[in-house]
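Below is a structure I'd like to ask you about.
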């Protein structure tokens, strides 16, 4: 399993989001509290959008070692500012530990990261790969279920309607899995973005889905904690979506309901039920 | 492009084969003379069979950095002895520099390594992948044309008749390539082994194939060079097949004819014409 | 902190020692039970002596990633046999995660590995470095306290009397530390070998030393567990010394007393009190 | 030997400086024209100052593989903008290929990178290390002559007068080398910066120093090449100092005279003779 974090809002040094919180994602790479594994040391990745007008695609930096001892990650975090950051730490469930299997994945303006798994993926990899648009297929670089889910969602219309595309992907995975005799094929918490909005999904075919939390509206937090300077600098639209809370600030974290998806962007946020189709 | 070496015969410390020759494979990683690129620094790999009775599969050690500065490679070479070694240095033609794209590839008792390329591979990757046996497909780990060629040959009967399986693979690649409008789809020098015999292939759909050489029969070399101690220790069946000669020893190296395949094993060697089918 | 294992006795495939035990060292890299940290993911190393007559120095293979996901380590373990193996997994206490900081360290025929630390090492690094024999100094490659301890012991006569050399090293470290105002400068469990005998040390300037265990004499274990086939194959001299037991076999493990050192080699074993001088 | 590049002036995406020139530093990593080796594949590093007010130290990103196939380097280059960039590609002359041996080196606000070598450095490493200020000594992380030269210059007063500090370092190296019987101890082209000014040095104890070039004043280049859009965007103070020219633009490159040092910063530039003291 893995852990991830999506940040959207007031441009911050990545450091502020990645390293400074008490139970930061970097700390979770060694000491996850809510994950299936306490250690997430099989690679990591970050992706961020710059504020440079001429650059539309996000930067993706990924490496195969643990996040907790990576000096380059810390250097970048201490020197780069962004309004939209994805970060992911990986605990491999068997697929190779290599850069092309590290999240986030990117396609054009889109990024995607995932915690969870497709049960029995190895056995249905070929069948799912065949469902990927043949042109997109050529850009598949790794061997994870997570990247396959991304490319299926891209096939099913991410550009037009991300929640619908993810629902169709989830539906296909469940039908394929059940045809292979698997009762509960899908466990997923996914975040995806086009650089403007962030969509997050929490779903499991059966049982409890992996943990997922979103941060309270900044305005409310500012009232609760007038003494926390960082909070006072954040815009109202600033949001964090995380696999597990980054600290113990009272009132800061809300569980994403199971079987639901949410969207945050400047001036808007939504929360809906999620059903594979 | 890449460079490779296959050794079969008297068990030697790998060092003797890999590092000691004047123009060793490790030297070729920095200064190839006959390759398309002079530098082969995008990963390397070695595979060897032990003389342990209970171990049937070869050991495969691969890494993503250059061979020339890899300390672990040198340590292994100086301490491990084998009667059958494959070694490969990679110059990527665009696919990711990752362990699963490094040669040699292994499946069960089989190893495979390659220098060359399928022209337009990116565009026909999906089509070729569909031709791989669905069970074998699940074990594809990387994204190179070389691994795909291996899995196609496995699909086409490596266990029964390796030259026939490789001929069918080459035929499929050529037909697929030509259907995509590519005149000369295949450039290949391949070595494969089941731990007993080594088969090598040199072929190009058009023009000159990549360079390939085999060593002269040891008996003849011993007569030519009675003053070279190493030669005196080698069994009559010992052979090297290499992308380029490892030194300038007179009479030691013979070019593999274009469009041909050869086989060497204890007590036997063959050389035949190669035609894709 | 770190974990380590020293094996001496009947030549075995490294796999048997490294991966097969229930709570193997590889398992300890993710789930140490007795260590200060549960995760030891900041690099690893193995060193082994071959049975090749012409090779006197041990092979050292070290890498900066975690042991648990390293494919090359598993390949080597499944294909190499040795009568004397050192293995180490690292949890950095701040020094760089790089190959030259991974254990075991080697000098000529000697290997050395360590779990523990010199308190305040950063501040006394220069002073200790000056005490290293100037000729040896040139071969210092890394920045760890562990390598420095090794080079100090080499300076103080490892070739003649290893326990005396280590006692002098420990004495110097303690005097230097106390001169810097540090009450308890040294925490160490060390293993060292010249390829014939293995010496192990357990010591702390104050408080409890890091855990260290040695395996029961094989003859006794065979009687206790006539149903464990592996035990029946081992010579009487076979011994394991480990940071923590590799499993729950009744009667298999004995704690090394605090402030003591032991030696095992073919036909002999000793256990003595250890006092820095 | 190595190759390096120092950029100072109009803030640019690093990509523009690192990848886009015809004979870019990345191209030089595979195909250096003027270097002692054509391949510089033993690690690389970049260091840049941000335009963030609250961040004073430069970011340093270094890795042990070749620059030419490093995806993270390209990602950073395409998304980060800076007014002051150092970049270095390494060809090891024997010291370990590890992050702490990659340039640029950093201390506080200072960066340092080097092409060249101290002849016989291994034998005088201890002596030079003893001359480093004891407090600074503790921050030495690697084993290169280049980092030692940096720390000696820091010891000799970089903060007050960089050219004088470098002259004292060079003097010490030459005296120490000659005491060891070495006629021509020093070969160096060095760049160093405090984030405001860049100083570059070209010197050899004997014979020709490594190649070094600086770019022509922008105003002159704009007149020569009114058709090159990038040139029109650059401020008058913009300068590149490089081991070898990045392309064939007429009039763009001037050789730094042997035995000299230069300085560039906003509104000023100087060129002087360099003499070790």
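For clarity, chains are labelled A, B, C and D in written order, and residue numbers in each chain start from 1.
The rule is short, and it goes like this: a residue touches a chain if its C-beta (ideal position, glycine included) is under 8 Å from a C-beta of that chain, and two chains touch if they have at least 3 such contacts.
Remember, predicted model here, so these are calculated numbers, not experimental data.
Visitor: Moving only between chains that touch, what is the shortest number of steps from subunit A to subunit D?
Guide: Step count on the best path from subunit A to subunit D: 1.
Visitor: Quick one: compare the interface residues of subunit B with those of subunit D and tell me same or different, with half as the dividing line.
Guide: At the contact between subunit B and subunit D, which are copies of one sequence, the residues are largely the same (over half shared).
Visitor: Determine the centre-to-centre distance between subunit A and subunit B, using the mean Cα coordinates as centres, and give it in whole Å.
Guide: Subunit A and subunit B have C-alpha centres separated by 41 Å.
Visitor: For subunit D, give me the residues that contact two or more of the other chains.
Guide: If we look for residues of subunit D contacting two or more partner chains, we find 71, 96, 99.
Visitor: Which residues of subunit B touch subunit D once you look at their complex with the stated criterion?
Guide: Listed in rising order, the residues are 30, 37-39, 41-42, 64-66, 68-69, 71, 92, 96-97.
Visitor: Show me the residue ranges of subunit B that touch subunit A in the complex, using the header's touch definition.
Guide: 96, 98-100, 122-123, 125-126, 129-130, 134, 137-138, 140-141, 143
Visitor: Can you tell me which positions in subunit A touch subunit D when the two form their complex?
Guide: 13, 48, 50, 52, 55, 58-63, 71-72, 75-76, 78-81, 99
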